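Both complexes below contain chain A, partnered by chain B and then by chain C.
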Partner chain A sequence: MMDTKKLKQLAKDSVYGLISVCVFLCIWAFGVRTSDIGIVMPGPGKVIYEFIQSFFVPIGKYTMPGHILWSLYRVLPAYIVGSVLGIVIGIAMGWFRYVNSFLRPLYEMIRPIPPIAWIPISIVWFGIGEGSKWFIIFLAAFVPVVLNSISGAKSVDPLLLKCGEMLGADKKYIFRTIVLPYSVPYIFSGLQVALSASWATVVAAEMIRSSEGVGWIIISSMDTNNVTQSLVGIVGIGIVGFILAVMMRELEGRLCRWTVREN
Partner chain B sequence: MDKRKIISAGLAILSIVLFIFIWYLCTDVLELVPARTLPSPEKVLDSFIKKFHDKNPDGGTLIEHTLASLQVALTGYLWAIIIGVPLGIFMAWNRNVDKFVRPLFDLLKPIPGVAWIPLMIVIFGIGIKSKAAVVFCSAVVPCILNSYTGIKQSKEVHMWVARTFGATRLQMLWTVAIPTALPHIMTGIRVALSSAWVAIVAAELLGSTKGLGFMIQQSRGIYRTDIIIVGMLAIGICGIILSIILSFIEHLVVKGRK
Partner chain C sequence: MQMDSKGKLIPVIEGRKICKRFSSKRGEKTVLEDIDLSVSENEFVVLFGPGQCGKTTLMNILSGLDVPTSGTVYCDGEIVQRPAPERGVVFQAMALFPWLTVRGNVAYGLKARGVPRDEWMERSDYFIKLVGLEGFEDAYINRLSGGMKQRVGIARAYCNDPKVLFMDEPFSALDAQTRYMMQDEIARIWETEKKTVVFVTNNIEEAVFLADRIILLTNCPSHVKKEYRIDLPRPRDYTSRDFLLLRDEITKQMDSTL
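The block that comes next holds the complex of A and B.
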């Protein structure tokens, strides 16, 4: 139920937001008109116009939705595999002491190396096709998910565990009914981080080697010195990144209602 | 208890030994994978040591490349802290500023720092400046975000106490809100450090003449896989060292942690 007060507040906030965006665009337009930066930078009007046009007129081989779909096709399979494996390994490492001591050193070896730094070697290993990109995205998703799953399984309230034990639950039952539900919020925040990391990484991977995708839009604009196209690419990447984050948050709200996120 | 610890330590050592042994077995002994694809651990170690004084094949020793990367990364990173942290605090503290800046920030936040590279090159040229600007773009977001949530989390009750004792608004910010937010701010600074480090590697992969990212990209072109792995190790080690330094600073600055 939304009362009128809340609605009013929402309307007020969106007006403020609109004003601030308009002011920003005006400053941009004004700056481009009057200063030297106008020689290299297009105004906001042109960028928005070109962005809308990119839905109908292809840039390179595809239109904007085509490029976005290509990038998503690279992100999603690897993201899903990386997340599932990350959750399984992370929970196991957080819950079983010996699994942790065996896998920890290996994980600590991978963790500090940013996924982007794997690009050259993954190209050597998997060629310049989709394989190398999937590998990188897999790493980008895997590392944060493992980290969060570990801390989820480790931070289970000991009181609850003792309660379960006292009431005669066996280890399996405790794991299924206490440890797993307790770690879900942590896992979700890992999934959230992993998704934005994967999106950023695919952009980087496409910038380094590809012939389609949103990262390609940006990098090909560099070759042709077309700044408008690069800004159009940035707008596209920002919008998709935003939508992905919002979708993830919605999913979390639906799937784990018991999470209390203080904000 | 003690026995468990010994088993744990044993397993940890075993995993590393096993890893290196399998790597060695696949490359040097059984030659399952060609050396071009994956050099043996021995070769990597050898290249690592050699790279400290050998300029071949990319025109710089490991130390020169590392320093070049560090210089750019830290420049952008420091700017991100200088601008990001006060901006986040200011946004959280002043509701009017929040209303105006927040939507803009939300709009720019989902754009990964790497995407700014071509634009920054157009604006700042191909030197240090453009790379530092890319680093800045990636590092400033966590700085702002964490300072913002940190300040927002200061307890109402503490504020009321301060007001009852006649503190001015500035005093309240300085003595109540910022100390409360400090652990959060430090977390932001720490996250920003790893973003900065990622951004500099990406920027160097795309276009530069020095730096660790440049080194691994260059080595890919000539199939020197050993040097790629050396570069990756160097990137990882630098990241670890930087974060150790940072947690040392955190220890000094943040008081009253749990």
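The block that comes next holds the complex of A and C.
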């Protein structure tokens, strides 16, 4: 239940947020009108209008929702596979000493490589279809999830482990009922980072070769020098990214009612 | 109660010549020095000593959470080397599982050992009631007050039916009011569910109020300075003459160790 004080605080927060957005839009509109940038760049009104238009009038082969669905089709399977594998490997590395010794060097080699650096290799391996896109998005999700899962399993409070043993739990039971739940908030913070990374990487993935998707909207706007279309694509990417992050937080709030991470 | 081959009573917990040294970068520190003690069945023993004297260290060693540098701990005549369900612990830092509800915490040990559902439900119900948390069975830990959390810790340890119950300053984080209340509660629970208890505190009132026997520890390196048998009738009265006399005597003894 929200009390009135919290509600008031929320209202205040939204007002401040709204003010900053308005100021930003005003500066944009003013800048476009009074300087040379106006020649190449549309004002906010036109971008918003075009964005709404894009839901009814196709850009290329699809309208905006069509492009978004295409991009989600590329992101979600790869994200899910990357996350699941990342959780399993990360927890194993964080908890079992020798799994860590064995896999750590490989992981540390892959970790600093930005996913888009894999584009040429992934084309060689998986062709220019969906496979290569899935592969680099998989990497974008996998790397941060592993990292956070490791730190979750590593930082389990040793007192709680002793407490489990004191209560008569064996190693397996302790792993299942203490190590895993303790790691869940860490895993979620990895999943959150991975989701942003995957969504950001889809734009790059769609550069490989595609004729649809939010990334394609951006790429094709470069070919036609259509700055408005580019901005419309950016707005679409931003909004979808935001919605995904909110959904993820909602899921986290449901799954770990005992500890909702402070942002 | 068990007897050895010569028909002598075996204490439930016995520590022989327990020493504990910690070595760190700044050198070695002896915390416990030659501690001998024994606790018999259904006895309420209080380990009483100044802060930082090694009470937690001693309790950890007696319960098997830690190992002594030298010396041996016996539980029912068998050497103690690791934590086990027959030695229940209520931790100073509580150590509850925040992802479990009150019931999940209280029943944890029974579930871990594969006790059937009916039984752990019934037992956890009983102990949740006994510590006065009825109605909070499904609450998560972070929604409870400090006193309620400590009650969960006590119920969790009791529910597992240990032979010995170790309690490490369980009330040190509570305000004075709650503390008095919890002391009453512990005395009441102990009368209802007879158990061997080793209770650690640095609060003299608490010690005299609860103990059958007080073991007075000195400052670091800690050894047993003196033992007091407390025969005051229960339930005890903080303001009775005998209570105050004992309290003052032990306080004096304690001051002379500092």
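Definition applied: the second predicted complex is superposed on the first by the 259 of 263 C-alpha atoms of A that agree within 3 Å, B and C clash if a C-alpha of one lies under 4 Å from a C-alpha of the other, contacts with A are read in each partner's own complex, and residues count from 1 in each chain.
In this text, a contact is a pair of C-beta atoms (placed from the backbone, for glycine too) under 8 Å apart; a residue touches a chain by one contact, two chains touch by 3 or more.
It should be emphasised that the depicted structure is a prediction, and the values quoted were computed from it without experimental measurement.
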item: Chain A as common anchor, with chain B and chain C clashing or fitting; value: fit
item: Which superposed partner A:Leu69 touches (first chain B, second chain C, both, neither); value: neither
item: From chain A, separation angle of chain B and chain C (C-alpha centres, steps of 10 degrees); value: 90
item: Chain B or chain C, by number of chain A residues touched; value: B
item: First (chain B), second (chain C), both or neither touched by A:Ala29; value: neither
item: Touched partner set for A:Ala245, first chain B, second chain C, both or neither; value: first
item: Touched partner set for A:Lys162, first chain B, second chain C, both or neither; value: second
item: First, second, both or neither for A:Ile178, with chain B first and chain C second; value: second
item: Chain B and chain C, minimum CA distance [Å, superposed model]; value: 16
item: Chain B and chain C contact sites that coincide on chain A, given as residue numbers; value: none
item: Contacting residues of chain A [partner chain B, same complex]; value: 13, 16-21, 23-24, 37, 40-41, 97-98, 100-106, 109, 112-114, 116-121, 123-125, 196, 199-200, 203-204, 207-208, 215, 218-219, 221-222, 225, 227, 230-231, 233-234, 237-239, 241-242, 245, 262-263
item: Chain C-facing residues of chain A, complex; value: 157, 159-160, 162-170, 173, 177-178, 181-182, 184, 256-259
item: Partner chain A, residues of chain B touching it in the complex; value: 4, 7-9, 11-12, 14-16, 19, 36-38, 99-104, 106-108, 110-119, 121-123, 149, 152-153, 194, 197-198, 201-202, 205-206, 212-213, 216-217, 219-220, 223, 225, 228-229, 231-233, 235-237, 239-240
item: Touching residues on chain C, where the partner in the complex is chain A; value: 63-65, 82-85, 87-89, 91, 93, 95, 97-100, 108-109, 112-113, 140-142, 156, 160
